[in-house]
Amino acid sequence: MTATRTVELEGHIIDSGMMQRAFGLVMDLGGDFEVEEFVVGKHKDKTSHCRMAVSAGPDEDDAELQEILHELHQIGANLIDPVDARVVPAPADQVVPHGFYSTTNHPTRVRYESEWIDVENIEMDCAIVVEDDGDDVRAYTKVLNAIEEGDLVVTDEAGVRVDPPERPRDASGPFGFMQGGVSSERPSESLIKQVAEALEETKREGGNVLVVAGPALIHAGAAEDLARLVREGYVDMISAGNGFATHDIERGLYGTSLGMDMETMEHPRKGHKHHIYTISEVIRAGGIEEAVEEGLIGSGIMYECVQNDVPYVLAGSIRDDGPLPDTITDAVEAQNAIREQAHEADMVLMLSTLLHSVAVGNCLPSTTRVVCVDINPATVTQLLDRGSSQAIGMVTDIGTFVPTLADEVLTGDSSVTDGGEDAEEDAADD
Amino acid sequence: MTATRTVELEGHIIDSGMMQRAFGLVMDLGGDFEVEEFVVGKHKDKTSHCRMAVSAGPDEDDAELQEILHELHQIGANLIDPVDARVVPAPADQVVPHGFYSTTNHPTRVRYESEWIDVENIEMDCAIVVEDDGDDVRAYTKVLNAIEEGDLVVTDEAGVRVDPPERPRDASGPFGFMQGGVSSERPSESLIKQVAEALEETKREGGNVLVVAGPALIHAGAAEDLARLVREGYVDMISAGNGFATHDIERGLYGTSLGMDMETMEHPRKGHKHHIYTISEVIRAGGIEEAVEEGLIGSGIMYECVQNDVPYVLAGSIRDDGPLPDTITDAVEAQNAIREQAHEADMVLMLSTLLHSVAVGNCLPSTTRVVCVDINPATVTQLLDRGSSQAIGMVTDIGTFVPTLADEVLTGDSSVTDGGEDAEEDAADD
Amino acid sequence: MTATRTVELEGHIIDSGMMQRAFGLVMDLGGDFEVEEFVVGKHKDKTSHCRMAVSAGPDEDDAELQEILHELHQIGANLIDPVDARVVPAPADQVVPHGFYSTTNHPTRVRYESEWIDVENIEMDCAIVVEDDGDDVRAYTKVLNAIEEGDLVVTDEAGVRVDPPERPRDASGPFGFMQGGVSSERPSESLIKQVAEALEETKREGGNVLVVAGPALIHAGAAEDLARLVREGYVDMISAGNGFATHDIERGLYGTSLGMDMETMEHPRKGHKHHIYTISEVIRAGGIEEAVEEGLIGSGIMYECVQNDVPYVLAGSIRDDGPLPDTITDAVEAQNAIREQAHEADMVLMLSTLLHSVAVGNCLPSTTRVVCVDINPATVTQLLDRGSSQAIGMVTDIGTFVPTLADEVLTGDSSVTDGGEDAEEDAADD
Amino acid sequence: MTATRTVELEGHIIDSGMMQRAFGLVMDLGGDFEVEEFVVGKHKDKTSHCRMAVSAGPDEDDAELQEILHELHQIGANLIDPVDARVVPAPADQVVPHGFYSTTNHPTRVRYESEWIDVENIEMDCAIVVEDDGDDVRAYTKVLNAIEEGDLVVTDEAGVRVDPPERPRDASGPFGFMQGGVSSERPSESLIKQVAEALEETKREGGNVLVVAGPALIHAGAAEDLARLVREGYVDMISAGNGFATHDIERGLYGTSLGMDMETMEHPRKGHKHHIYTISEVIRAGGIEEAVEEGLIGSGIMYECVQNDVPYVLAGSIRDDGPLPDTITDAVEAQNAIREQAHEADMVLMLSTLLHSVAVGNCLPSTTRVVCVDINPATVTQLLDRGSSQAIGMVTDIGTFVPTLADEVLTGDSSVTDGGEDAEEDAADD
């Protein structure tokens, strides 16, 4: 007799594609299902409900069934059995118990002593640790390298519930306009206008905007426009790398005397010497903030960040020159800094960087608004594949996107600057 | 004893790269060279001169030497011997004599009865036909399918001279800013400003602007801005396909009632039915001009073309629906129409189309200004590889490029419309 | 009161995604639905059934409802009302009546005098013409340019039924391995092996294999391997362009003497002169077949086609040189030739050509097996977006794909050649 | 009066393009030149020599002239004046003196106390430090973060000579076949054959082969073939990231039971849980070597590295899970490890990774053989743009490239394994 387990799905399970994926998964993995109950929402604002028994194929063992249940779980098909999650102590630091539960990026609850507890700081590919100090029970995610010996780690899918966000019922809101689609065949200016509206809405609601940016933004001539957005309060945090900050500062340092290339393009050389010397001078000053204070840096994105108390994380990489004193060279430490930013963000603009966008995207819950912009469709696709389901991809030129966005946002009679300040206060409360 | 021929190169042969290519070619093809004379221009405004004897490798036959001479010729290294070009009658319609001379796209002369004659309508990969009616001697290019039995076709390289255009000495002119380079890592807005300046300069000088455009321009939302440029006299000719015209007309026809997609993007479906019906309606009217006259078409690029007497060539392709009555379905006939446009153009903007850009590019002399814009770097590279040496490639989003260009051109206090009218008169004289 | 119409969906409507698309469509287009009946298939081999009433939004008119019904229809949600299809005579040649029904590429039936008739030669974006000569009633597709005045053209969706192919229940068959997915992150050799199996299976079953190929295949060095596949009976038809055939023939003509580039790559020049001269020589001979007969062409893909009676269609394009006498220069005529090939094909290999692949894909029913191979992911995506739902996309190097495929197919102890001959007989019967 | 300095160029300065670049640079930067002497090599095996006086433009100051001289220097035009290099003590740790000399990746000498000294460990974008302990004088490169207060750092270009490698005279050697070109339109199998020959030649000569690889290689199904190359002695070092090693190990760990995807592709899920668990298990074992010893890892690339004493560097990144204990998480430390590998390598294969390839490429002298393989042409171009002039780019599918390369190398009657052993002994001596 084959083992069978019962799962249930609830919500807009048909038009969100959840039902399709569930059936597909079972069949892909060689399993079988029997629908025990299926109640379809009769109207578009009614949810549906499905309960089905799942079994592995005739020649498969229990491991196969676990695999099916695991995959079903990832997409929001939860085991029906009202059992507690099984917790097992971690055998050693950075080592998870066999069969540990690996998180999705969707809102998640675990059942512990017959109570459903929300999992804090949800983020994909983490373990869930339950902390019970007698009075208070908490469940939160931990990345592998933060696991300590003895941590109570959730294993298997039983007693864990996942609620993937659903397709917005109302397509008229700014983020209803495109569900995860990517295309270079769309009206670019209309799309940018909608991103501007989403940005303004986020600020009006006191939300935090995180900009993730790569050096191509500077090369494409968009630095001044991003600096304006920082100055006017539309950017609450920046996540970038050593190269991004250095190119921005170099543009300021050499802009008047030698860096004519950004304006007239008459100097085609790369000027690596300027690059190294820029870093050397910032090291001499002691860091970016100090270099702003002593007047070495007088304009640009990093300058506006310092002047407007916009925090930035500069993560190091093996292709960096220098690096700047502000750059976090240790990958684990940098990830932790990025993780904090990601958890505070309500909207994320990913601008022309694959590495940093993936790093930030890995830490985002699926409920955060994300816009990815790159001229390379492969980059946008790769980001969306790993990102949250509301992510919007746009294949366009960063050198025209940022100016158009800044014009759109900064020329209306918007009261956003106030909202921006509120947002900063909110962020400070976190 | 190995056969040897002497060639000479003249001009800015070092900084144009001609000398490097000449040496490289001989060595790539296994040949040998001996420099007999080399006079280098001492200043940047002085030309250089080189005369060298070329031979095939020791084990190679005369065919090898011919191959080397052929390739050297392509880049402007001309045989020194002051002999007449050899002309041979074409053996049949569309058949060239053995060893026929195949043109480059550079200014070319042939020596006939001891006189050097300019070759008319120069274009690459053609034969040169010499016409001597006793009084008057002419030389002009003919594509293979235009060759008629008995045409006097030039064979071999002897008696033919090619003068490739040289690198501009003065880098400050609009087309001095970038010699054939392509990059997505350049300041986009500055580049567009320079394209705008080149466009204005061309019109001021009474030149003709040819726009080559693909349907992606319409999908990207840039139709209205291109229509403005047509209306204001900045576009003298359009070269496109059946799909481009149909999408443009469809946008106008369904814009108010159903085509909400271009503005609000709420209707994501493709609407192929509209596409077919648009073509059907234009066929019913008898053609685009008739459809404008009867009021069916009331806006858009094609509308402005009809209203402003801007001629267009719509070339057919095997993926077309319909096609429209205006579309030239025969490839050879369409090429001939494109060829005429290409010969009249002083500046060509290639916007988001590989097929039509290559077709136009094939007919252009290397002295025509060309700007290629596409979001796919491979398209831009492929166009430049076949194009003229002054071609400028820009990897950007057509949906932001055209609006930015139109704003740049149409918001100054430019007197270009007058120039535009002159240009049309000039074109009419051709 | 809002107008309401009832549609029904039947089959594996959940796991094929049909149900999700149906709900999504109604909401995207601002409409509303009420599910009247929903019977879900309890097991994976049971079909589901849904009947729902659809209405346009409160402020929308009947045109909106028609739009919704049209889009629902495209994906297989058919109007329930058992009415006859409405047929209207075409008002003129190449002009369709208002509201004409535009086909999908799925199996389709129309209701005529209370009988459901299969639509012949189904192909997307066509009109359906009903022919009733008293005795016999037929329905078939016609492209716009084939419509004649008085043709009885089906209008609206009522009385038309569409049956989209469903997701294969059994994932173990060769084409079950990947449903429409595209990825460059897959094990390439395993994928090629599965394509080889599908190819062999098609031949074993007496099916016809159509190869659609671009010139990049020749440049990438895969000509000899494709020629082997033709010789051994694995290719029944070829669809290509003038450039493809010319490069293939040129490789043969100049292979020994000058065309060393394909082997040693020591001759980097393009050799356009060879290209033109090749065409000229074939014109002189009178065509490809004649050139094979007189011994001018002695190897290569076109040679094997002639020797093995494998028919080919060479479609012209505006970037062609020449063209060859075999090239069909009129786009409409070429489309008709391509259409015939497409209708005869049971499996289509699209190799490194966007233009020809789209042209062939436009004529294919959604039940034909399609494999698209290109190194550019954008090409593969674009093809699949327009193609049938079983299409398999593979992002790989054509220069290694074809040799690996040929080795896989030709080194087993396969009895496919017989099957190939049967297939040809079958094709002859069409 | 304008300041003037004299530079000279020597070698195959015309066909290497050096002369063209020199003239172009001076003009791009608004300067002027006067050729004082130009002796051209009369035959292809004779070098040329040029001496020219360079001045800044009339309105430019000395800084402009320095800029011109700096850029000329980068390409091998050296100041003629026989002066010593100017050395200035570094003012602080990681801070360079004003006007420091920034290295190219070409062989370089500095003049110190009237002697020309070779600069050791040449690498681009570094400072040159001169160490004079009385007896012995050395000059070597230092990256910015290695500079210590008081280091004698070379400033300006005077007293420094650069010798860019020249175009190979003999095009028949394996690396003569393509000078820095990239193209997807080349015969792929012939190219791979030539890479195989270069690999074999490198091993026969006792050279070291460094493979730089990304996780796409594993996903594309090429792991087993790379493992074979390691086992047979064709790979001396591997440079990769945490993801590469984890995917390789995961493939081994789950290959038999769950990881069916690599063979049958029936399990389309990403299996992130396996990924995390793989890392956790290696952490438990204590590292990759320990995991091999305890039998956890029994096959794959990392397994062969451990078994065959092939050293590997795994550099961390902010998108890593885990990481593995072997991964170097600090970017500066990782760069140093990569630098050591790069300096020992005689041939580098860069396989499907942009980040690691750029990091390795930054540390390579221009005399090391480099082959870059990626399916994305932008990646290959970006690598070559920064790489050495002999670098060969190939746009192909890594999933067919590695198997074809391995077959080519491992099926001949090659005596390479011996050479490989010699090479390892050589490497041990370093």
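To keep things simple, chains are lettered A, B, C and D as they appear, and every chain counts its residues starting from 1.
The rule we apply is simple: contacts are C-beta pairs under 8 Å (C-beta built on N, C-alpha and C of every residue); 3 or more make two chains touch, one makes a residue touch a chain.
The chain list, named the UniProt way, goes like this: A, B, C, D = Ornithine cyclodeaminase.
The structure presented is a predicted model; accordingly, all values stated were derived computationally and were not measured.
Undergrad: In terms of touching chains, how many steps apart are chain B and chain D, taking the shortest path?
TA: Between chain B and chain D, the shortest chain-hopping route counts 1.
Undergrad: If you apply the touch rule, which chains end up adjacent to both chain C and chain D?
TA: Both chain C and chain D are touched by A, B, going by the contact rule given at the top.
Undergrad: Based on CA centres, what chain would you say lies at the far end from chain D?
TA: Using the mean of the C-alpha atoms as each chain's centre, the farthest one from chain D is C.
Undergrad: Interface overlap for chain B and chain C, more than half of numbers shared or less than half: same or different?
TA: Same, since most residue numbers here occur in both copies.
Undergrad: In whole angstrom, what separates the CA-based centres of chain B and chain C?
TA: 33
Undergrad: Using the average of all C-alpha atoms in each chain as its centre, how far is it in Å between chain A and chain B?
TA: Here the centre of chain B sits 46 Å away from the centre of chain A.
Undergrad: I'd like the Å distance between the centres of chain A and chain C, where a centre is the mean of that chain's Cα atoms.
TA: 39
Undergrad: Among the residues of chain C, which ones contact at least 2 other chains?
TA: Counting only residues that touch two or more other chains, chain C contributes 28, 171, 266, 268, 378.
Undergrad: Spell out the residues on chain A that touch chain B in their complex, using ranges where they run on.
TA: 171-172, 177-178, 181, 184-192, 194, 216, 219-222, 262-266, 268, 375, 395-401, 403-404
Undergrad: Hey, which residues of chain B end up touching chain C in the complex?
TA: Those in contact with chain C are residues 25, 28-30, 63, 67, 70-71, 74, 91-92, 94-96, 100, 102, 124-125, 127, 143-145, 257-258, 266-269, 272-273, 275-277, 279-281, 283-284, 315-323, 329-332, 334-335, 338, 355-356, 358-359, 362, 376, 378.
Undergrad: List the residues on chain D that touch chain B in their complex, please.
TA: Touch residues, chain D against chain B: 14-17, 19-20, 23-24, 26-28, 32-35, 38, 40-44, 50, 167, 169, 171, 377-378.
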